[in-house]
């Protein structure tokens, strides 16, 4: 019997605000990047990483790749669900899936994929290995250990 | 015995996100306007107005005046409390006080005052009188009637 | 003798502003989307399309796909060059390459690819064919006819 | 004969972009803060201060007060003129007037007033006196010495 660990899926809710929209009356295509960032920060918190603390100790997790597929625009008044899931890890690179749905109708609106890389802030260099706290966070994201710290 | 009605105070929480900050490591001065807008939209919802519905029936509440006093910067990881309160109404103009505090230490960080005006969207004109739903919302904000619809 | 038409490359300059940056002291990853949009609007103008006019006649060109590869962060004070080029057209979809370089050192900082689709605003539907003005713009972008109107 | 020095007025042009707008089809009220910041940074450059250099030597000029009066909304396709003028200086506080006009029709759209304070970045404290380079910039803004360095 093999139990394959599966990555944890996180949900983050956002209500569409006037400042998210543009002249077309729907969410401006760049606003989704804010939501996706917020959702990742929130997921980190769940597994025990306060992002501001990470930065304070000299580590950062910048976005190094990003791809988005816009399927259906969200509108003012909609509530969006950002579903985030760490798909896998390649050395210090984290590959996330982040899909955005409309809560009304559970429609898939944006398909997103984001790659983060752990860097040393002072040297502005990609780290060779993850610091232990991030390695543990990663294991929690991937379902390799208990999620809640 | 005179019981003077007093305006209702609304609290709206915001966690400082990376995208709110600038090179100085603190919240960029313009980001607060997003929070203040979100807080007003939220307060409207509490008193029974879904902002998207208001817009759909052809009414809008644009900001016509704004003043901010920046006392102390908020930082990444901080949780902010936006305290909003409709001070009074002059015809179709709503005068809001919106102060932003840091939850840690209850420090006053930004003092804000915002004036909204009810307008007809199609004609892009200030209304002469508030539509009944907005008049009721206003009375609820000012404590002249029960807040919760 | 075959002269193969080649797509026109457009340059759009942006100076990095405080509001583009985040706590890391470099440009926030989402700010580039603003620059890329500005660069496309500017390129449209060069080939004779005023974007506001296009919207006014009921047509829009929303982003339907987006992918970015972040290679090197830009910093406050840097001048960026957004190099935009319509690679090809598939029916009403326009596939753009948009790379961002730092003017200092001509370093490639961000590799971008953006797909737009022509839609009917009122029906919120993808058009079957491009309106003549957009078809002409497209031919100009692709070097199939003179660029400057 | 008394020649009263008069403050120099700076013009900064901005073309309204899709990302500046909101659902109402006009510029979102917070977008103007970006333009005003850009205009001040540009004015500093004219009098010899590269803002990134100022920050690099540990000095910053955060906004400490802000007031805006929105008179007429700008729309997509409009070109805006931000007219900036240092009205006066109180110790290390700079009081700016920043009005925004529509180039079409020279209409006043937003009246702005912004107060900056020179601070020491490391201590996050207001400076007691301006560093010489900023004092000179200030004299240039106020017309007390030649503007162009």
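Lettered A, B, C and D in written order, each chain numbered from 1.
To be clear about the criterion, a residue touches a chain if its C-beta (ideal position, glycine included) is under 8 Å from a C-beta of that chain, and two chains touch if they have at least 3 such contacts.
Model, not experiment: these values are computed from the prediction.
Engineer: If you list every residue number at the chain C and chain D contact, are more than half found on both copies (same) or fewer than half (different)?
Structural biologist: At the contact between chain C and chain D, which are copies of one sequence, the residues are largely the same (over half shared).
Engineer: Quick check: more C-beta contact pairs at A-C or at A-B?
Structural biologist: A-C
Engineer: Starting from the Cα centroid of chain D, hunt down the chain whose centroid lies farthest away.
Structural biologist: The most remote chain is A.
Engineer: Averaging over Cα atoms per chain, report the distance between chain A and chain B in Å.
Structural biologist: 29
Engineer: Give me the residue numbers in chain C that touch at least two other chains, ranges are fine.
Structural biologist: 18-19, 23, 30, 33-34, 37, 55, 76
Engineer: Would you tell me which residues of chain C are touching chain B in their complex?
Structural biologist: Touching chain B: residues 18-19, 21-23, 25-26, 28, 30, 76 of chain C.
Engineer: Where on chain B does chain A make contact in their complex?
Structural biologist: Chain B reaches chain A through residues 15, 17-19, 33-34, 37-38, 41, 50-53, 55, 75-77.
Engineer: Can you list the residues on chain B that touch chain D in the complex?
Structural biologist: Those residues of chain B that touch chain D are 23-24, 29-30, 33-34, 37, 55, 60, 62-70, 73, 121, 124.
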